[in-house]
Amino acid sequence: MVKVAVIGAAGRMGSTVCEAVEAAPDLDLVARIEAGDALDPGTLAGADVAVDFTRPEVTEANVHACLDARIHAVVGTTGWGPDALERVGAHARTAGRSVLIAPNFAMSAVLAMRFAAMAAPYFESAEVLEMHHPDKVDAPSGTAAATARGIAAARAEAGMGAMPDATLSDPLGARGARIDGVPVHAVRLRGLTAHEEILLGNPGEQLVIRTDSFDRVSFMPGVLFAVRHVGERPGLTVGLDAAMGLA
Amino acid sequence: MVKVAVIGAAGRMGSTVCEAVEAAPDLDLVARIEAGDALDPGTLAGADVAVDFTRPEVTEANVHACLDARIHAVVGTTGWGPDALERVGAHARTAGRSVLIAPNFAMSAVLAMRFAAMAAPYFESAEVLEMHHPDKVDAPSGTAAATARGIAAARAEAGMGAMPDATLSDPLGARGARIDGVPVHAVRLRGLTAHEEILLGNPGEQLVIRTDSFDRVSFMPGVLFAVRHVGERPGLTVGLDAAMGLA
Amino acid sequence: MVKVAVIGAAGRMGSTVCEAVEAAPDLDLVARIEAGDALDPGTLAGADVAVDFTRPEVTEANVHACLDARIHAVVGTTGWGPDALERVGAHARTAGRSVLIAPNFAMSAVLAMRFAAMAAPYFESAEVLEMHHPDKVDAPSGTAAATARGIAAARAEAGMGAMPDATLSDPLGARGARIDGVPVHAVRLRGLTAHEEILLGNPGEQLVIRTDSFDRVSFMPGVLFAVRHVGERPGLTVGLDAAMGLA
Amino acid sequence: MVKVAVIGAAGRMGSTVCEAVEAAPDLDLVARIEAGDALDPGTLAGADVAVDFTRPEVTEANVHACLDARIHAVVGTTGWGPDALERVGAHARTAGRSVLIAPNFAMSAVLAMRFAAMAAPYFESAEVLEMHHPDKVDAPSGTAAATARGIAAARAEAGMGAMPDATLSDPLGARGARIDGVPVHAVRLRGLTAHEEILLGNPGEQLVIRTDSFDRVSFMPGVLFAVRHVGERPGLTVGLDAAMGLA
């Protein structure tokens, strides 16, 4: 039974994490820590692992406090710069504990991105579509842009040139965005949440990798995976794909 | 047994039509007419219906010759202007024969376009994706543009306003083209032929209509349908959807 | 402004209807009626339309009470037999008010079913896939079965024979169920809600109609459509497709 | 410039390989060898690599002849038993040349199968759909069965139990086949060629991997990859995935 503390337990993500931990038969929720609570062995209540979904201003201090208390940390809060990562990595090694920081805990998205990069060298063409609810203010999504960059890097490493594209006339911009040469298209549709589709094509064949995130709970399998396995990799690990042994 | 003459029998589409007619148990291919052949009762060989896939310069004369020979005409050649349609319609009524002129004989594409327009008034959001081989020189495809205009017209008739779209930042044009306010996206991928996907969304639900054309033979079911049913509608009919009773 | 009363306002569907009515700028929620409340002009509070999502034992009495109060009724409760429909239809005509009873208010599902039947006569092959969460106890879904029956009826009316299928060996039953000759496949996958895909095929072409229901709110556009338009069709109407002018 | 000999050059696959080699700027087709032709340094014409798409009765002898002539062999012919593999492996090591034998050269199918197995341990649910033309006599396809077995093996290795499935009533068999506990569904639809879809699900998320083979040319990118890289792995390699470094 892994004992888990959730920091930011009253937030949207934090409260969802609490529910997921409580529902998992091999995990024990020992502490719900909210903004303003102290973070010390008393409040951490003998946890083996702490999960932090808080705010960029406080997350680094939280991780140091966890390491001081000799517990592993799984962090979904964004905003980490290279210096903060460096400090936390050094502290983790000294403390003999592990830290996993990941910008995205959606397993299907992480796997889709990794598979796209693995497949890219074998296909002439690759394009990325992302589909989101219409309240999203930016296009394309960060995940789609990262996917396109991963495809482009894999193609470059394999010495591939530009993709075939005979388009001469596209007065309205139907061919979408280009990110490192990879076309990216963004759909905004009422009813959707967050979806991505990667199309890869060769003469006579197509490979499609699609990921659908229907709900915030889609991050929970990734968070629980991280909680269960964070201790297996010493020091600092960045990215769920690295924790899954994919990167 | 319907007797069929194919005009332009040596062309890419014409030869495919010949094969399809020969393979149909209820149709009899009585004449293969090539460029330069005369078009008269002798060469038409007692046909009930002639199919014309030729060139814009000759198609109107071909149809008049068919009507003079008292046979119905099914026409896939493009380039018809309003005056030519008017002349052919008048001639057909006088001759007591029927003419069907259609820009697209792909049944799935024609149905998809019609269904998109029928569904559009019931959904907050609608977007069109088209996916083609990378040798296509223009974007978006004519079918996708026509689909978008059909959706827009149906929304306007239902008194609907603009679709929800909170996009504030799209520096690279990932949101694609807008045709009458409907977003249209174009993918170019090696391995594909001609594909279209229409996405319609409401809170909590999505309707997707997709059409795949894998091969030139995809036009044959529509051509054969037209051959079998052209005589049922007197005078001139424009569009396979009209012939199918959908428009 | 249409004034709306919700009967069964404390139930799962009823409370979702209340939220949807409150969020619609052209509708005014004037009464939330719960089990045990009287149903009379006082509690109905001047409503123009009442929405009933209650239980089979009480729904017919509720509709008669609405008609006595001279208001239209939109009913999502199931369990209506032919005699009850007859009685309610007669009462509606006498009262000069309208009643709409529908087993399914998901617009995308209703449209998908209708489009499948419309398209079926034009395609050699048709199959139905339904995909649901793994807590569903029966397979295939009622919607998928109804879709298959609609396809089969449309094929029969068009005089079409059996679909092509050369399968000689299928020891494990991978070809799925047959409903009136139409293959139906059922997927059960964690993360899904209710999804259906209809595949129609001809030589060289495919038409796919897909409907996704992500959430109970997916019924609300259909309920609100019914509330807005119930008064346009005198007497009793059965089915959202009929109310939408599709059947 | 890699010099290539094609054995079985007059067959359906062999002639397609000849066309693909001729179209590749970095490959040189030096020999087309047909049934009945001798296989010796003369007919092999200085080739670096020979591609064999012939028949089970002759393929092993062909490979030995290639190795005697000190050239690498890429083999798509089926019917290899363990003894024949053993003999060819030993010969290849002695000759200092390489042999690649693969049952499937469709890159997208090979990648899809590999990705399915990689992803399987991270998802509660997994199902396999395969869709083929209706002239196929067996169901499910060998590729779908192999995919299901790969998923099942990956789940077993990760210590996962049965998938969630509450189905109590399925009188018509809509839930399809089970292969090592993984549901497999087979669709037969006019217009399709060979398609596979793997669905993986977790609470709130779905990962879909889809592969479409539209045409026999879909095997060519895999064959050409093998021709270019066969020499990099000494001795015998079985499976395109192994040659791609995926297995």
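The letters A, B, C and D name the chains in turn, as written, and every chain counts its residues from 1.
Rule of thumb we're sticking to: contacts are C-beta pairs under 8 Å (C-beta built on N, C-alpha and C of every residue); 3 or more make two chains touch, one makes a residue touch a chain.
Small disclaimer: the values here were computed from a predicted structure and weren't measured.
K.L.:
Using only Cα atoms to place each chain's centre, name the chain farthest from chain D.
P.N.:
So the farthest one, by centre of C-alpha atoms, is C.
K.L.:
Check A-D against B-D and say which one is joined by more contacting C-beta pairs.
P.N.:
A-D
K.L.:
I'd like the Å distance between the centres of chain A and chain B, where a centre is the mean of that chain's Cα atoms.
P.N.:
Going by mean C-alpha positions, chain A sits 45 Å from chain B.
K.L.:
Please compute the C-alpha centroid of chain A, do the same for chain D, then give the distance between them in whole Å.
P.N.:
Using C-alpha averages as centres, the distance is 33 Å.
K.L.:
With centres defined as the mean C-alpha position, give me the chain B-chain D separation in Å.
P.N.:
Whole-Å distance between the two chain centres: 39.
K.L.:
Using the touch rule from the top of the page, what residues of chain A touch 2 or more other chains?
P.N.:
Counting only residues that touch two or more other chains, chain A contributes 123-124, 191, 200, 202-206, 212, 214, 218.
K.L.:
What residues on chain B touch chain A, complex-wise?
P.N.:
Where chain B meets chain A, its residues are 123-127, 129-131, 134-140, 144, 163-170, 172-179, 183-192, 199-206.
K.L.:
If we count contacts the way the header does, which residues on chain D are in touch with chain A in the complex?
P.N.:
106-109, 111-112, 115, 118-119, 122-124, 200, 202-221, 225, 244, 246
K.L.:
Would you pull the chain C residues touching chain A in the complex into a rising list?
P.N.:
191, 193, 212, 214, 218
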